[in-house]
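See the structures that follow.
You will see two complexes here that share chain A, one where it goes with chain B and one where it goes with chain C.
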Partner chain A sequence: MRVLKLDSGYNIGVPPASCQMLEPATSIEQPEQILVDQDRSLPHLSIVSTGGTIASKIDYRTGAVTSQFTAAELMRAIPGLGSIGQYRTVQLASILSENMTPSLWQELARAIYQEIKDGAEGVIVTHGTDTMAYSAAAVSFMLKTPVPVVFVGSQRSADRPSSDNLMNGLCSARAAVSDLGEVAVVMHQTSSDDFCAIHRATRVRKMHTSRRDAFQSIGSSPIGTIAYPSLEVNLTADAVRRQPIEPELADRLEERCGLLQFVPGLSPDILAAYDGYRGLVLSGTGLGHVSTTWFRQLGSMIEDGTTIVMTSQCLSGRVCDRVYDTGRDLLKIGVVEGGTLLPEVALVKLMWVLGQEKDEEKARMMMTMDLRGEAPGRSAHGL
Partner chain B sequence: MRVLKLDSGYNIGVPPASCQMLEPATSIEQPEQILVDQDRSLPHLSIVSTGGTIASKIDYRTGAVTSQFTAAELMRAIPGLGSIGQYRTVQLASILSENMTPSLWQELARAIYQEIKDGAEGVIVTHGTDTMAYSAAAVSFMLKTPVPVVFVGSQRSADRPSSDNLMNGLCSARAAVSDLGEVAVVMHQTSSDDFCAIHRATRVRKMHTSRRDAFQSIGSSPIGTIAYPSLEVNLTADAVRRQPIEPELADRLEERCGLLQFVPGLSPDILAAYDGYRGLVLSGTGLGHVSTTWFRQLGSMIEDGTTIVMTSQCLSGRVCDRVYDTGRDLLKIGVVEGGTLLPEVALVKLMWVLGQEKDEEKARMMMTMDLRGEAPGRSAHGL
Partner chain C sequence: MDYKAIGLKAGIEIHQQLDTAHKLFCNCPTRVRAVDEHNGEFRRYLRATESEMGEIDRAAEEEMKQARFFTYYAYDTTCLVENDDEPPAPLNQEALDLGLTIAKLFGMTPIPQVHIMRKLVIDGSNTSGFQRTGLVAIDGTLPNGGSIESLCLEEEAAQRVEGPIFSLDRLGIPLVEITTSPCMHTPDEVAEVAAYIGMVLRSTGQVKRGIGTIRQDINISIPEGARVEIKGVQELDLIAEVVRCEVQRQQQLLWIRDTLIERNASIDPVVEDVTALFKQTDSSILKKAKVILAIRLFGFGGLVGHEIQPGRRLGSELSDYAKKCGVGGIFHTDELPAYGVTAEEKAALIERMKAGEQDAVVLVAADKKKATCAVRQVIKRAEMAFLGVPEETRKMLEEGSSAYMRPLPGAARMYPETDVLPVPITAETWDQVCIPELLSSRAERFHRDLDLDAGLARQIAFSERLPLFEQAVDEGLKPTLSARTLLSTLKELSRDGVAIDRIGDDQVLAVLHAIEDGKAAKEAIGDLLRALAGGTSLDSALKALGPSISKDELAGIVSRIVGERKEFVAERGMGALGPLMGIVMEQVRGSVDGKVVSALLREELKRQG
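Our next item is the complex of A and B:
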């Protein structure tokens, strides 16, 4: 069988007898020269590699996928990159993204900051998809950027005919030379190879384990698209544009922060596990609720200096504790309403806010403000 | 201003000067007699009331919403119910649903079981929307039912012009006299008053804090729809139909079960909080991952007899730990793959499975089987 990759991204098998090879398939080896053949008239881009599927191949020992490519190898694997920009590559890590940590987020933010200081006109971060949204949100808070910082990954490894690494890689490079001026995630918008979406780093979530269009902006639209294969970029009016400013880095994080999902009957005893934490995000039910049996313990944690932020496990919509009696009681004991913050983004933001601001009242205030597009205003659907 | 409720469910204000009242608005008082005027030729339905917004009104003392109606009052509030069935009402609780507990799930399952034994041809459970999906899933596991068991709630209280209580209530009654033979959730399918969806109890999730169409079937389609106002029911081929069987109750639950979402950098020390738990559902990243730093502690918990089930915080798609090295290691230490189980449903199922089955190996096996439509097979998108 010969395997052909279709425009849709899927593959089709053709019996060898029914087709004729017109030229030998040597293209896999050719792109190696691209690194030396960079077009010096093109924009300066940096590729910061952290690992993940976009930089992975099959481990033929176990049959499983491991993270092995370097950023340079990635450029060889995606030949079209060479006609979009000229590249520097920085290999920060080579891990599957479930092993990312807040310390690595900090290293990442510092590396990106340095690349921009050193003249990068756009930065591409290759990242495993599992925790890419967390890292992108973290960098978004830590770094004020004048240029595009584009996170990209792939859901299926390069050796698979349905891999999304080629298209995502090219689209991310195109986004990195666009007029964008914020941190974003670029991934397949549909299950076909027709568009990539540009998601705001603080509104995106991986919503499917395996689909190529797993990444979705929650409660707001993507801030742009990139058509494929034309690579035409369309930014929405909402997308932040390039600005003639210096990059700013504020990379302190308070790691003693947790995220806890409330489930029916969960004993407030579980809160003891967060003793000594400076911040706790609750993923409550509905408009932002937990059992009334939790109020006393939550109250004393708040008195002891823990900042507690209420989000909703619904993911979409606004937390509003003013509607029901019980919610009003939560506000009375000092729980901070998370507004439209995604629970995971609320956790990352809380780590960052508590890292920046020692004054509790100011920190609480910052949690309710919209700093990086993470907390868009009341939607048309309202309450 | 006169306020008119539109077909879309929203209201419009009309200046009094521009309209004329043709008859006095006394209809609010009339329905009181419906309870005595039941049509004895109609199907026997039971309404089991647990509270929630569908049974709530404004507390004019605080301005907030409290849960105060009884099931009988609910029937008065929704006059059309009387032409669909004749009703018995059982008031099990009057709480906002964040205060539901596994013990109340058991009481609920027993009450529904008793109603069916006593001749109910369909059961309607009114429930707060916050944790309705959890309760419905729990009842689905505990009770094998020959007749429809329909959970219904409302996102906006009866005193609000955009309330969904009337339409949801009527649609739930219509579903309760339909050919359905499983536990389901009936709520608005769109943001207009045109259709209610019938969701399988084990595949539904509240996905928005406030929209009337907040409930969505995840990773599968609703098992039916009810048109409004015609109340025509359409069940899909996939929906379980009424069966001439006796109801079966298996109401033991193991409450020492938890649900924990993994986030980057989360220390495995948190697992100590689940010491003594018999079951733990992990809401991992992507295909079902946690940091490799967790493996040793997870391994010893499993050796100590805790059943650990991996689900994905992506919500959609299948957990498959066979793809990456790290996932294969998780399987080796004995983590159970949660397949397509929603994290919350996995928790409820684990409580139920460990309540039924003391043999660890058999319990693990049951967690991977599809017992109540909770774990549909590989989707067309596959892996």
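Our next item is the complex of A and C:
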């Protein structure tokens, strides 16, 4: 079928045989580069884009939606940005976030590090929502930051009048000039356009496929909120504040790590696929279990030098392998208790820890320590 | 008025809700709910988005002048799709099939592959900020020789509860939108075509009925005038009047244009702050305003107050434009002194503005921002007066006049709905579409084959109870009695406050069968239905009727009643039959057929009279 755009604006599909060329296509004039005056008195912010479509525009004639990334384009697409900061933009990649890779996390961490070194008082990372929580956690481990590093995206495409991109964009900029001093994800807190939540990068998870408030802090509260449209920022006492330190980058990752969800009846043969992996996170049942039929294979993997971390597919709550025999036996084999680590965060952390620490015993210790707020010692909240 | 000579051209766009099980792009039922049943609400902002060239669609831009913060009510019968929190489901096949049936009824050509589009609407009635719509068929014919340009399937918008609050129950109900060519030339012709299209739509038996389920938009123009779209005419009876009023408006606007040119009129671009003039005013509106701004329209004197439609002046048009900025309205010198503004204040204003006899002054009172915006809008509309009739979308007022809503939307506001895959309409699918018998043909058939009188035949064919009537006839019930029961008896009961919606279709049929089987007389139908509505079973209701009466007993009753009224019978002769009939029927309480009673009475009157 060929797609035809009628004068009325409707598209229709017609068989190619019924089409006849009347006039060749005219080339569409490129719109002029828009120059936007930046307010030099405002804080320096950097926008690092990875392909997240925080701002896009539509061509009504072709229906194409294009992303825009220069500072000028972004400021035009998100009116109000210009009164919060002055911007430098870095286009790191232009990918759908499902295509994100650990090596891109490293590039991202390096780029953010460089921006902060170069004087950015806050960094905004525009990112697709699918894997945003993984990337944010990865940057959180690789980079010690004195300023806010804020991940943001939108659940509804930016061409829609109802898109959450404007509010999320403005809120992320406000978070980036706030007193925050850690990596965070800023997205809608509810389905309404009333508040954005500031989530700690290592406690956040995408909990819904499509809702605006898909991102939730699991097992802990968000570390702040931003009201809309007032853009008033409220940080909790728990949020890490800006501090006069030099940024530090530790960007080595061990990519040979996996995350495996245990399901009833799953044969331990599956573990053979992880042969040669340096680390494996198990998303176990309940308090942190897998079938006893797995013990032999797990034991030999650990003997061969694979670090195995147990988390729970319950997501909420703490792994405790000392309650039941199954758990106690897992500990005996040498499985590391993942505590309150979210499975995906445990994976990212394991990649980073194994990238940093060659000593297996020390690496196991690091996995149980709270390094970036990823493993709070107390469980203050229920579901 | 000879509209053909004037050169009237009119076309209509009809929006009809379809009675499908589910909505067009989700699996929610197409049920409209009571507002107080909502069990959730959320609030959103909408904003115009830019096109490739950085231009904002003019209709969308106009809406941006107004507040764009909306509240939505959700129900247990709505879902995340209505909330714009989940992508749409594939196009509802039932709705598409129905659209194809309607297209075939109009002799249209289907589109080989339907593409769903997003039409930007940011007045809040669509949570996404756009309405999903797809062109399904083109090129149909009408009995007046005109044509139907297109048939589209689209989503119904959310219903406004009040102000910026919308209810999501209606959002997403399938609509078929039928657009005619501008093929109508008189007001009555517009009404006839609208009625015809409505009849064809109802012939499917699968369209929603009742207020608001069908809406007509009328496009009207006269030579030198402009295409004006009047939205949301809900009653068929008003269509012709709306057309007449619009023709009048366009003619008057053209007359104003000519007069303005003759007078060499112009608009003073200088806006004056005249707040001080009204320090002591009794006008409550002016008194509480932070700022009062005035502009001078040279040569507009008398024209701003000139009536262009029943109850509407050029001043009303200026006011409609100004209201877009959130002001309540405007004052102009053609209508002053009034509204608490004295003749002295008017004189002072004219003096201050140095306005001549043929000039008009317009006042806007509000806070500074709103007043400035409103004055600009007034100037914009006043400038259009030199061109005659502006192209615009208008809304109908009660008496057939109309008020400005927004500029005509451009094609610019349409782009593809990428979340819904295109749907092919194959030759096979099209061939399989069966077309129902038109209601008009059905009425003729009932008249011809079922021996119904023409009026009753038409009434029952066009009634919502048509399916029940057809079932009754299929089950061997008498057509006239069935039609009368379904139309008159039920309507009368309803008028008497009987809850007829509590009587099931099968119960109505059961009553008719009881009559057919001689278990009760047809005079008892009303009483039986009334009892059923009250929750009584048919058996008990039948028992509650008078006990069955033998022929001899009946003869006795008739004889006694006639005997007791000798004088009356002597006076009236056979004319006493009617009144006595009622008395007898009351005594036998529906247990005897009226015909039998009537025959007996007749004999008795002859005998005793």
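Methods note: the second predicted complex is superposed on the first by the 324 of 383 C-alpha atoms of A that agree within 3 Å, B and C clash if a C-alpha of one lies under 4 Å from a C-alpha of the other, contacts with A are read in each partner's own complex, and residues count from 1 in each chain.
Keep in mind that, in the parts below, a residue touches a chain if its C-beta (ideal position, glycine included) is under 8 Å from a C-beta of that chain, and two chains touch if they have at least 3 such contacts.
Everything numeric in this text was worked out from a predicted model, so none of it was measured.
Of the two partner chains, neither chain B nor chain C is touched by A:Arg372.
In the superposition on chain A, contact of A:Ser191 is made with both chain B and chain C. After overlaying the two complexes on the shared chain, residue contacts for A:Ser210 are found with chain B and with chain C alike. By the touch criterion defined above, A:Ala77 reaches chain C but does not reach chain B.
Contact with neither chain B nor chain C is seen for A:Arg174 once the two complexes are overlaid on the shared chain. Applying the stated contact rule after C-alpha superposition, one finds that A:Pro161 touches chain C and leaves chain B untouched.
Within the superposed three-chain model, A:Gly265 lies in touch with chain B and out of touch with chain C [touch as defined at top].
Touched residues of chain A were counted for both chain B and chain C, and B has more of them. Contacts of A:Arg364 after superposition: neither chain B nor chain C is touched. Chain A residues in contact with chain B (one complex) as well as with chain C (other complex) are 59, 62, 64-66, 191, 209-211. Only residues 1, 3, 6-15, 28, 31, 34, 57-66, 76-77, 155-156, 158-163, 166-167, 190-194, 209-212, 229 of chain A touch chain C when the two sit together in their complex.
Residues of chain B that touch chain A in their complex: 59, 62, 64-66, 96-103, 105, 128-131, 134-135, 191, 206-211, 214, 255, 258-259, 261-266, 270, 272-273, 283-293, 312-320, 322-328, 344, 347, 381-383.
Residue ranges of chain C in contact with chain A, taken from their complex: 42-54, 57, 60, 69, 80, 83-87, 111-115, 117-120, 122, 127-130, 133-135, 150, 152, 411-416, 418, 422, 424.
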